[in-house]
Amino acid sequence: MSFLEIKNLSKKIGNNEVLKNINIELEKGGFLVLVGPSGCGKSTLLNAVAGLMPLTSGEIIVDGQVINDLHPSKRDIAMVFQSYALYPNMTVEENIGFALEMRGVEKAERAEAIRNVAKVLQIEHLLDRRPSQLSGGQRQRVAMGRALVRQPRVFLFDEPLSNLDAKLRVEMRAEIKSLHHNTDATIIYVTHDQIEAMTLATKIVVLKEGAIQQVGTPAEIYNRPANLFVADFMGSPAMNMLKGKIVSTSGVRQISIFDGSAVVAIPSSVTTDLVEGREVILGLRPEGITDSGLVDPTADAIARIDADVVLVEPTGSDTFVTARLQGTTFTARVRADVTIAPKERFTFVFNLDKAVVFDPTSGERLL
Amino acid sequence: MNIRTFTKLAAGAAVIALTAGTAKAQESVEVLHWWTAGGEAAALNVLKDNLQKEGISWQDMPVAGGSGVQAMTALRARVTSGDPPTAVQMLGFDIKDWAEMGVLGNLNDLAAEQGWDKVIPAALQEFSKFDGDWIAAPVNVHSTNWLWLNKAALDKAGGAEPKNMDELFALLDKFKEQGITPLAHGGQPWQDGTLWESVVLSVGGMDFYKKAVIEADAEALSSDTMRQVFDDMTKLRGYFDPNFSGRDWNLSTALVIEGNAGAQQMGDWSKGEWLRADKKPGTDFVCMRFPGTQGSVLFNSDQFVMFDVGDDQREAQLKMASAVEDPAFQIAFNTVKGSVPARTDVPDTEFDDCGKKGMKDLAEAAASGNLAGSMAHGHAQPSAVKEAIFDVVTQHLNGQINTDQALERLPQAIASAQ
Amino acid sequence: MSAPSDTVSAGSARTTRLVIYTLLLVLAAIYLLPLYVMLTTSFKSLAEIRGGDMLALPRDPSLDSWFKAWGEACIGVTCEGIKGYFWNSIKMVVPAVLISTVLGALNGYVLTKWRFPGHKLVFGLMLFACFIPFQAVLIPMARVLGIFGMANTTSGLVFVHVVYGLGFTTLFFRNYYEAFPDELIKAAMMDGAGFFKIFWRILLPSSGPIIVVTVIYQFTNIWNDFLFGVSFSSGAESPMTVALNNLVSSSTGVKEYNVDMAAAVFAALPTLFVYIVAGRYFVRGLMAGAVKG
Amino acid sequence: MTTIEPVPYVTEQRSRRSYKDRLGTLLPKIVLAPSFAITLVFVYGFILWTVYLSFTRSRILPIYELVGFDAYYNLWSQPSWYMAIKNLAIFGVLYISFCIVIGLTIAILMDQRIRAEGVLRPIFLYPMALSFVVTGTAWKWFLNPGLGLEKTMHNLGWESFKFDWLINTDMAIYTIVIAGVWQASGFIMAMFLAGLRGIDGEIIKAAQIDGAPTFAIYRRIIIPMLRPVFLSAIIVLAHMAIKSYDLVIALTGGGPGNATELPSTFMYSYTFTRSQMAVGSASAVMMLMGITAIIVPYLYSELREKRS
């Protein structure tokens, strides 16, 4: 049985159903990331687990115990807030020790626990400062320290890195990952940043308008998105969505794209029988469209298509190219040293092994 | 603020709040009054000292301002809360109003024992008794139709006391020529009203006063006589100094005392201020009936109205009432205050010339039927009507309405207030 | 906000500064005039007041009228100055300010951080209380005080001031706490702090600016109140303003302007002190939420 | 940030929940209850009481026998009530506009990185600290033509100077305005100053880069951004204008004549000195209706706005 279980959870605010029949399971030591656009209900779900918001129906079970009716402080769950929510009037030491103090832990014991946590987070030299005297990254560490010191059954993180600058964010991300690794803590983590989701999670839940779109490992979510929404949301730049139509060329069914300018093989991810004339959407991530020098030699199905270059965006390691063909634009990822300039005609290689196919009306991926 | 000190302060504050205001002596009287001007307060001190000799402590509750305006508010609050003061200084119709509310004490036993019925004039008893019961102890009888003149200025102007309105205007003109303010007046509604009632009495005589003011006869109120009254008021306005507006009466008196003004129309309490300035009647100042009103007296009587207090305070209350009617006190008080005793059996030997004249005038007026209550001091009409008259008089005197409008409005205002 | 600095030439900038300072100084002088008149008059002799110029400095400054106002001036039949009434006011103001501030803080806390259906209505109703004309409540209040046995006592007066101060204190704290992050409350709740612990340990220590504003506001209003003072207290227990009114009217034939003014300055000292010392925090506190914008 | 309202204790009633938890749920309401109850009784209860009295014939003390609209007929037949309303209109409009203009002007001047701000600010603020019971004597003296400003100017040699508004029935209401503005404009200045300090400096910088002169920056950008402060200031001033009482009593006592009567002084005098408590109550009801008409729409929009 799972360590953390959310069963048929629903939440209504007024007539508005903000969470619709949520079911999630997480093993002990798992790292669950809730991801989705703002307003999708991910923070609400986190607050519900924390006990900061009453449920309309459903159950939350931790380690076999139903915790629905427990006060937040009695759930043995710690939370790191987006704004860190450090008590401005207390020193770092007092901030970290506050929860222990509220539980009536002896002063000496408290000091010991605080010191241990501070050591782990390398904030020992900051213990006497107040939050206003700390940098963003330091505050973040203190907020984590406040959660860690309690040694809770479950950690909740509410977009903890969103207030940090890009470099620090990457650093802290790595730190959270190693912390998870070292402590084997069970974590639920909310973010709208899909890179965080990909790097940190053992399990990702994608939410949209209060409903779960897909649950899976980062690889599953990335490579086999359940629908157009997930496919579009995860990954940056976003997956290319090309309108296509099933055609039959000498008895072999293929997909014609770019208004018939190109015809490619049906990806191997699809096993359904696709009848001729059916409209589909072919999804292919930018790394599936490359220059000819970057073609995966193991690929089974590739297609070479010429298109007009519109925009070139070097990132240093690679170059993203936006190109247009028959009024449809797509993004490709080519080697950094390829010479390519706007307005040129360039030959792109489409790796159809990485492609997925969606039904345009339901948006579901075709299996 | 530090949290700990905050707690301590809050706790301390709560203690202060709980312990404050519980001190109250056993034998004591609490007296609400507005005699805060120098001469008045000095007179009241006589009563305070007398009571203290009997072991009764005096809790003073002075509420100054506007002839008792604030005092009446405070009184309402006290009576409504069920904790009235022992005695309250009050005038005329206010006493009746309060008596009707059934909140006053009863002094019948004391009055019978001391024979108040015989020694207190009937005109006063009208207010001191309600439904035949004694409810108040009259302190004095004031009269309002007086004119106070600076002797030096008067001598300079010929020395003749004016006998009627025309002579008054002539005298005021002479004062003007001397370069002093002819008529010192304080522009407050009750002072305007005091002046007006004297003019009514002077122009129309006692019968007209009774008809117009006491009976509020609509015809009399808009008659030609009344027109004359308002015209004369306008004329008098021309003799004021520019700073009269809102000035307290005693400050106007001071102007006359110092010779900066020639005359003041004011009640006899004005004398207290002269005496405190060590001025002598006849040599430094002249007290005379307002021109044209000799023989008539408009009176008002300060009374200590006794409220219905608990038995524990009852004895002290009776002692106070008794002390008020003590002839020795009546003399001591009234010689300082400028009024005449409320008892008719008090000899006038201790009084100065003005006091003697006041006592004589009062006795004569009472005998001839020329004694009437002062409107401006609540002895002619209830306060609602009184204030309505003030409204018209004061707006007219300040030029907000003309005589025609005043004559039109006066009966209307009185009717709507009745 | 930093004021836009003029980017024009140095000479014209200097002229602008000159105009600004001149304007401010002239305005300041006008504002100070009444206080100046009160102060200078209190140091003058009566003769000098009568003969001299209202705006002139005292020729021969003397503290006599100050001593007289404090300890000798006559109010009614007693001539002990205003010192007793000064303490009456203190005894009334301190508890009234503290109680109303504490209640206002708690109300603001509940109305922003522990919301319940209808909290806006409750707040709206409490806020409207700020606008009721106090003359209208004198009589029923007197009755209620009488029933509670608090008529004519300092505690009664404290009660009245707390009742009619609540709307303001609640408004101040409510607006301030509205901007206080909810996440801090959530964090404290998860840390195991209860209702009062959160208030005491988290909110209150951060409420400095608004406490200053509230205390200043309540202190000045209650100290300066005349209407309740004259209606619900009496004689020797009256607050300062009532005594001052009596003193000013307790004139003998000659109005002792200098004593009146000295007494008025005494009555003004505590509030002046509070404003001058805490004025800076007042604007800061207004910024922090008492005023929106 | 998400705008989730914290609802700390689970609200559904379940039998499992302990007594302590239930107490915890109720605690905030218990804390608020006394204040709310006090408000209901001492504000709304008393308002109802006043309304009731206005339908009686109460004179010196309350009489609880209903007689209908007599007091209202009486009230609206009093010339001085019309005077009071007219005066309130004059006073209110001038008082509010002058306070705002002067307060805003001083606030803008004070916001020019003034060196002596710490000294100047209390000077503008202090009038708010003083009641007119305290400053009334000085004001009366100052405005009195024979003693105050007029005399001083004459002494200084300006013989033709005339300042007799205090005793002039047409002008007396303006002296009330002067003193009222003197008292309240500093407070309004503080509100505007707080508002100015709260404006994001980058917006100003942007405007400067766009080449706007200082005056235009204030007129086009800063002052429009102070809109909420204007609204608060108007509400604060409007209610102070309606409640103004000490001011009039200290300066003119409603006179000369009834030239400075305001509804608040009218109500006080009818209730307490003229023993026409019913009429006084009727005027109080009128005042309350006036205040309600101003405040309630404001409160409504204020509290509505926050939801979105």
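Labels for the chains are A, B, C and D, by order of writing; each one numbers its residues from 1.
Definition applied: contacts are C-beta pairs under 8 Å (C-beta built on N, C-alpha and C of every residue); 3 or more make two chains touch, one makes a residue touch a chain.
Listed by chain with UniProt protein names: A = Sugar ABC transporter ATPase; B = Probable sugar-binding periplasmic protein; C = Sugar ABC transporter permease; D = ABC transporter permease.
Keep in mind it's a predicted model, so treat the numbers as computed, not measured.
Identification of common neighbours of subunit B and subunit C yields D.
Here A-C and C-D are compared, and the pair linked by more C-beta contacts is C-D. Look at where the CA atoms of subunit A (Sugar ABC transporter ATPase) average out and do the same for subunit D (ABC transporter permease): the two points lie 55 Å apart. Work out the mean CA point of subunit C and of subunit D (ABC transporter permease), and you get 15 Å between them. Averaging C-alpha coordinates per chain places the centre of subunit A (Sugar ABC transporter ATPase) 90 Å away from that of subunit B.
Residues of subunit C found to touch two or more other chains are 138-139, 141, 183, 186, 189, 205, 245, 248. Residue positions of subunit A (Sugar ABC transporter ATPase) touching 2 or more other chains, listed in rising order: 47, 51-52, 71-72, 82-83. Within subunit B, contacts with two or more other chains are made by residues 73, 76, 80. Listing the residues of subunit B that touch subunit D (ABC transporter permease) in their complex gives 66, 69, 72-73, 76, 79-80, 94, 97-98, 100-101, 187-189, 241-246, 382-384, 387-388, 391, 394-395, 397-400, 409, 416-417. Within the complex, the subunit C residues that touch subunit B are 74-78, 91-92, 94-95, 98-99, 102, 138-139, 141-143, 145-147, 151-156, 158, 200, 204-205, 208, 211, 230-232, 234-237, 242, 245-246, 248-255.
In the complex of the two chains, the subunit C residues touching subunit D (ABC transporter permease) come out as 1-7, 17, 20-21, 23-24, 27-28, 30-35, 37-38, 41, 53-55, 103, 106-107, 109-111, 113-116, 120, 122-141, 144, 163-164, 166-167, 170, 178, 182-183, 185-186, 189, 194-195, 220, 223-227, 241, 244-245, 248, 257, 260-261, 264, 267-268, 271-272, 274-276, 279-280, 282-284, 286-287, 290-293. Within the complex, the subunit D (ABC transporter permease) residues that touch subunit B are 59-61, 74, 77-80, 140, 144-147, 164, 166-167, 169, 252-253, 255-259, 268-269, 272-276. Residues of subunit D (ABC transporter permease) that touch subunit C in their complex: 1, 4-8, 24, 27-29, 31-32, 34-36, 38-47, 49-50, 61-62, 106, 109-114, 118, 120-131, 133-135, 137-139, 141-142, 147-149, 151-152, 155, 182, 186, 190-191, 193-201, 204, 207-208, 214, 217-218, 222, 225-229, 232, 239, 242-243, 245-246, 264, 267-268, 271-272, 277, 281, 284, 287-288, 291-292, 295-296, 299-300, 303, 306.
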